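Here subunit A shows up in two complexes: once beside subunit B, once beside subunit C.
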Partner chain A sequence: MIQQQTILKVADNSGAKTVKCIKVLGGFKKRYAKLGDIVVVSVQQLRNKSKKTSKVSKGEVFRALVVRTKKKYRKKDGSSFFLQENAVALINKQGNPIGTRILGPIPKILKKQNL
Partner chain B sequence: MVIATELCALSEYRIYPGNGKLMIRRDGKPIWLGTSKAHSLTLQRKKAAKLVWTQAWRRLHKKGITETTAKKRTRRTNKVQRAVVGASLDDIKKKAAEKSGFRSQQREAALKEVKARKTTAKKGGKVQAPKGSTFQKVPKHMGGKGKRGGTQR
Partner chain C sequence: MLFVRNDSKRFRFCRSKCHRNFNKKRNPRKVAWTKAYRRTRGKEMAVDSTFDFEKRRNRPVKYDRGLMGKTIVAMRRVEEIQQTRDARFFENRMQDAKAEKKKQARVEIEKSIELLAPAVANREEVMRNVIDSAKSRIAARKKSSNKLTTTPNSAMVEG
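So, the complex of A and B:
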């Protein structure tokens, strides 16, 4: 359940540490983004070590794919799971990832989409 | 129908489909939690071994195990002697009760008799029937249940 102003962690090595969600894409007045949705984010913090080698800079606006949510995701058989943090992976407008590696656990459901 | 159930990570109760939550930790390990009670306690980082109602505590304090171990000792199967088509139970018991040398003795005696008869036949030409044999003549190729097995058909 990620909405505007939500601060999210970044799960790839693009150089950003945290981002803030600006907009939830996918519909008119769509309020919440869940696993697998795309949001527009603005970079808030960078990972310290990669100031020079990061591909993004503070304040840049990107699109991002939600990869981890604390909110339970329900499967069709009734089981549900949740992760311990809200995280995204940065994408460009064409849908290709900006980073080259993704860190941390990611649910299988995202396989059905891209990435 | 066999349903795949999970075990709760805290209490080790069974989780049936549709119940419980799967918590995926930061390192990627999935932890099944059966109830909101278990969920709340794991968030508080309580140890299962310290909560009295969990199976982990019961194992540590050895509750409820002694019954199952005591039962296992009293099982013993008794061998039952059964009658076979060729011989009844009594026959089997008799044969089993014979002393070890008995049958071989019988065989030797029978052999001797046969030899004696042959020699008398050579000498006298008459074959003398054995007088009232006190023992049962055991033919050579039959018997020896334990040693030879049934070769006669």
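So, the complex of A and C:
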């Protein structure tokens, strides 16, 4: 349940450490983003102080794919699962990832959205 | 419910009791109602060949209906065997306790034999009453059956 102002961790090596969700994409007045939804984020913190190693800079606005949520995700068979934190992977407008590696566990549900 | 930690370790909870204890960071080996505790303390079987059937194998098996059917039958049988072995384990564990219980019961009876005496006397009287009433009932039935046999023989012949 990611919404505006939610601070999210970044699960790839794009250089950002935390981002803030600015918009939940996907509909008129869509309030919450769940696993697999795309949000617009603004970079809050970087992993390194040096900007050379990161592809992003503070305050830049990107799109991001939600890859981990603390909110339970219900599968069609009734089972549910949830992860330890809320995390995203930064992507560009075309849907291509900005980082080259993903860190931490990612649920299989995201396979249909090729990342 | 499944919880995936950041180190990719999966934890399954059957109900909120388990979930809440996990969140409190309690060590299941020290919490008395968990299987982990019971197994480490030797209260339940920890090592048994039936447990090998339940292990997770990460090799995918091509779907075969016959195999599925056989697996279900096998599961039932393994469950049976496990239960009998559990019962036997429990028996073995409680053997000493049984002898102890008998000894203690004997001691208690010896101590409080006076409490039992009036009850025993009453019981004898009750039994006597029961036997007497039964005897009288049998006698009455015999009388009535005698009466029946001495009534007209024609009815008996036809029947």
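Convention: the second predicted complex is superposed on the first by the 113 of 115 C-alpha atoms of A that agree within 3 Å, B and C clash if a C-alpha of one lies under 4 Å from a C-alpha of the other, contacts with A are read in each partner's own complex, and residues count from 1 in each chain.
Just so we're on the same page, a residue touches a chain if its C-beta (ideal position, glycine included) is under 8 Å from a C-beta of that chain, and two chains touch if they have at least 3 such contacts.
Since we're looking at a predicted model, the values are computed, not measured.
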Partner chain in contact with A:Glu85 - subunit B first, subunit C second, else both or neither: both
First, second, both or neither for A:Glu60, with subunit B first and subunit C second: neither
Partner chain in contact with A:Asp77 - subunit B first, subunit C second, else both or neither: first
On subunit A, the residue positions that both subunit B and subunit C contact, one per complex: 72, 79-85, 104-105, 107
Of subunit C, residues touching subunit A in the complex: 1-6, 8
Contact footprint of subunit C on subunit A as seen in their complex: 72, 79-85, 104-105, 107
Interfacial residue positions of subunit A with respect to subunit B in the complex: 72, 77-85, 104-105, 107
Subunit B to subunit A touching residues, read off their complex: 17-18, 20-28, 30
